[in-house]
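Only one structure is covered here, and it is reproduced in the block below.
Here the chain labels run A, B, C and D in written order, and each chain numbers its own residues starting at 1.
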Amino acid sequence: MMAAVAARELADGEVVFVGIGLPNLACNLARRTHAPNLVLIYESGAVGATPSRLPVSIGDPALVTGSLMVCGMADVFQLFLQNGRIEVGFLGGAQVDRHGNINTTVIGDYKRPKVRLPGSGGAAEIAIHAQRILIVAKLSPRAFPERVDFVTSPGQRVKRVITDKAVLEPDDKGELMLAALYPGIEAADVKAAVGWNLRARARLDRLDPPTATELQLLREVLDPKRLYLKS
Amino acid sequence: MSLRDAVARNVRDGDVVVIEGFTHLISFAAGHEIIRQRRRDLTLCRLTPDLIYDQMIAAGCAKKLVFSWAGNPGVGSLHAFRRAVEGRTLEIEEYSHFGMVARFAAGAARLPFWTLRDYAGTDLPKANPRIKSVTCPYTGEALATVPALNPDVTIVHAQRADAQGNAQIWGLLGVQKEAAFASERVIVVVEELVDERVIRSDPNRTLIPAAIVSAVVVEPWGAHPSYAQGYYDRDNDFYVGWEEISRDRAELAHYLDEFVYGVQDRAEYMEKQPRLLERLKAGEQRCAGVNYGF
Amino acid sequence: MSLRDAVARNVRDGDVVVIEGFTHLISFAAGHEIIRQRRRDLTLCRLTPDLIYDQMIAAGCAKKLVFSWAGNPGVGSLHAFRRAVEGRTLEIEEYSHFGMVARFAAGAARLPFWTLRDYAGTDLPKANPRIKSVTCPYTGEALATVPALNPDVTIVHAQRADAQGNAQIWGLLGVQKEAAFASERVIVVVEELVDERVIRSDPNRTLIPAAIVSAVVVEPWGAHPSYAQGYYDRDNDFYVGWEEISRDRAELAHYLDEFVYGVQDRAEYMEKQPRLLERLKAGEQRCAGVNYGF
Amino acid sequence: MMAAVAARELADGEVVFVGIGLPNLACNLARRTHAPNLVLIYESGAVGATPSRLPVSIGDPALVTGSLMVCGMADVFQLFLQNGRIEVGFLGGAQVDRHGNINTTVIGDYKRPKVRLPGSGGAAEIAIHAQRILIVAKLSPRAFPERVDFVTSPGQRVKRVITDKAVLEPDDKGELMLAALYPGIEAADVKAAVGWNLRARARLDRLDPPTATELQLLREVLDPKRLYLKS
């Protein structure tokens, strides 16, 4: 469901900065449905990849073979990202807060961490330079605190937070609001899974479940071994 | 030159050491040799520390880590790294990928800093005071800066080079060129030594020129369990397996004993890797050629 | 798309225009089309103005020239340029090559300036107040800066591209990548349109991605009298002959009348070039291939 | 003679930034005599070229075919030149002054030029970054004024000025001194061809004429059409 919802966020022809896992599935689903001309760019330097297997990392050799362009990382960050050529960036994180800030650095104090996470990678600059940020993350009060322990990626450009129960969107002031519900989910379920007093839009959208085509593509073509599809 | 000699001559205790390669072409062979030679107090720099730095940290080679993403790509954590940071036994200096790329770019251009539009709204500059800013002399706006990184030694794994060290790389290029040009000394480890004529037949493919190379070493499969495009695939089973090995100190020590300390060199390591060829040898996908005539 | 349409849609009076290519792959075809369409008040930017800008200056297209070396390479002067500068009818803004490269690099990275260690002891900053300086936030030293150059349109000649505009270039690369990424619009003119599979067979060879390309035009021999590695050699006789043609205003006007205004398009221009194929067609020097399999 | 003298200045294995004309001839002569491992780098991005014909410009395709590396110009200037990898740089110019400053920009005032020359190209940064600068220029009072009209390339790193009559070298303070004479030339001939009161070293060297091998290589192999060899 998350992959299908994320895929629907992408318009044909857009240039998308992709991470591994669900974002990659979403992009490849979109390519095979409504957005055949989506251009996928990976942090690793592969542009226009059409991988013949499900990539296990953003540096997977299958992303190189048959891609349109491979460039060094200085070009990825300077000529594509900082240049403003990326229309959509996907991000995830251990914590997402009320204002869409993301933490992938530490749980606890930076100098005395409870849990040391991997760090930014390209997430800081993706959040700053991609024109539209889509966050993909599962809901839980721990994952959605009022304030993240560390701002790895600032929330200003976040346009949608796609969770396993609902979609959140920022209001005019950048505070995340409940905007749309998955089938069978009520607003109260979502509020209970968020660490702050989540407000809801006056009119909540109801999202359609994945179509038969979407499900078949995801389960049989894109991730037959269920590496990333669990729900 | 043997990798043993190349490391002995070019990697010293206390050095700032870079083994680069973004997922692709990571010189595990060189990392293992550094562990075997028991180098100490190294400042290890790399965008993505990966399994090889996790092993070097576990083996006690590292005093400090300079990095931007420390995970097991596509799998999970680097547990030796996490133990060291959570137990505060390893000094860290942390950037984003762009910050690390910019540090190498500045080092390669021998400028003291590099300018980037980054870090507004993030907590990274609070965590790392070396992220500063500069005012544009034209527009007056403030832009982020990072300081140059000029390693003592950079080790790059390449697909092929000639005997002088003119090295060609294809597939993912990462920041190898910048890291090599930024470095005082450069070790190039290759899958294949080729005749100079092969290099000269396609000069646009040369990423690192012999003029900056200190040592050339031939070590086929020297990047395993990472990969070399056109030679062998990533050993994903090993990456997945590292989660279990690295989670447990004893398991990790046992791994190092068997596969690093317990072998003399890469050839012995390779003897301990069963069925690599059938599991991982690359298929054929040749490029369309080009004509360099005039 | 025809070159006529590509120029009509993408090059406007008053634009900042770049036709790049260091000796190699200079789009004379596009320059001639701009002259034929009588564009005016252009700011022409290019490291080495070369014969094509000399012709565009003579034809009255240029208001201003931004450059770093204005000569006829290996031959002598650009006389239309010299007459315009010595007679003060053309505005100029002058850098060194590194300065121009840095301006394109800043433009491509969308930074307002670029830092370089340059100009100490030269008179260039006196002649060009846009060369400024910045203080390093780490070392306190002063370094030179140049402002970003972001053209309205950049025209690049490439050996091959697919229909979308993914363009591959080999041989000398100049600053084409930086100029294209710095630009609002990009026209790619190619020797050969190839199937997307050819591009995808060697992705490291792609210099300019379709995502930044506004128009793709097929124009074989479109770089003549400059050259395209692997396709045809530089027409050195023409470069030598330009000394005589450009020295005399009437001769130059006659050249433009016959070879630019007097033809409808590149095909007609080519009909007027006798024996090009036997004089200049490139010999075969194929590269050694590489394997992209995994 | 100038080409032979310039060639002798180069040590085997050095990395040399080469221009077209006499410097190119000198480098290729050195490669075929005492310095087979000279690495030639051209401003155009060709590294380690072994051209099969005499290149007519620094962008000649013959410099690309069979070279060791071709890189973009951003790399030439940042990674090679500014990085300090160039040991020797050759420069020429319309004017060379008492302190080795070179002018390739204008004769007369910059804003009201008598003669507009091509400009710097890479000459400003070559003069600043190459470890050792060799100037190659023909002597005349107009070409060697007391002070150049415009400093395109500063003279600090100039180690030798190779002319058609003699070799000049800077003293401790950077003032050019007569250091060595070609066969048959007297100090007075050189002083008369220089626009300032040229001082001479206490002990002047006498340069050997080109050897038979040097002459034969230059005239029959390297420049049989006499494109650059005139003297």
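Here is the rule we use: contacts are C-beta pairs under 8 Å (C-beta built on N, C-alpha and C of every residue); 3 or more make two chains touch, one makes a residue touch a chain.
Note that the structure is a prediction, hence the values are computed from the model and not measured.
**Q** Report back the single chain whose CA centre is most distant from the CA centre of chain A.
**A** Most distant chain from chain A: D.
**Q** In angstrom, rounded to a whole number, how far apart do the mean CA points of chain B and chain C lie?
**A** One centre to the other, that is 37 Å.
**Q** Measuring from the mean C-alpha position of chain A to the mean C-alpha position of chain B, what distance in angstrom results?
**A** That pair's centroid distance is 28 Å.
**Q** So, what's the distance in Å between the C-alpha centres of chain D and chain A?
**A** Distance between chain centres, rounded to whole Å: 58 Å.
**Q** Considering chain D alone, which of its residues make contact with at least two other chains?
**A** 46, 61, 64-66, 70, 78, 82
**Q** Indicate the residues of chain B shared as contacts by at least two other chains.
**A** In chain B, 110-111, 116-117, 170-171, 173, 177, 201, 204, 227, 229, 233-234, 282, 285, 292-294 touch at least two other chains.
**Q** So with touch defined the way it is at the top, what topology do the chains form here? Options are line, ring, star, complete, other.
**A** other
**Q** Identify every two-chain combination in which the chains touch.
**A** Once each pair is checked, the touching ones are A-B, A-C, B-C, B-D, C-D.
**Q** In the complex of these two chains, what residues of chain A are touching chain C?
**A** The contact residues of chain A facing chain C are 15, 39, 46-48, 61-62, 64-70, 75, 78-79, 82-85.
**Q** Please output the residues of chain B touching chain A within their complex, sorted ascending.
**A** Per the stated touch rule, the residues are 22-24, 47-48, 67-71, 73-74, 77, 81-82, 85-86, 88, 94-99, 101-102, 104-105, 116-124, 126-127, 170-175, 177-178, 227, 229, 233-234, 236, 239, 282, 285.
**Q** Can you list the residues on chain D that touch chain C in the complex?
**A** 20, 43-46, 56-61, 64-66, 70-74, 77-78, 81-82, 101, 105, 110, 112-125, 127-129, 150-156
**Q** Please give the residue numbers of chain B that touch chain D in the complex, ascending.
**A** 108-111, 166, 177, 181, 196, 199-201, 203-204, 206, 209-212, 292-294
**Q** Inside the complex, what are the residues of chain C that reach chain B?
**A** 110-117, 130, 132-139, 141, 143, 145, 147, 159, 168, 170-171, 173, 194, 198, 201-202, 204-205, 227, 229-234, 282-294
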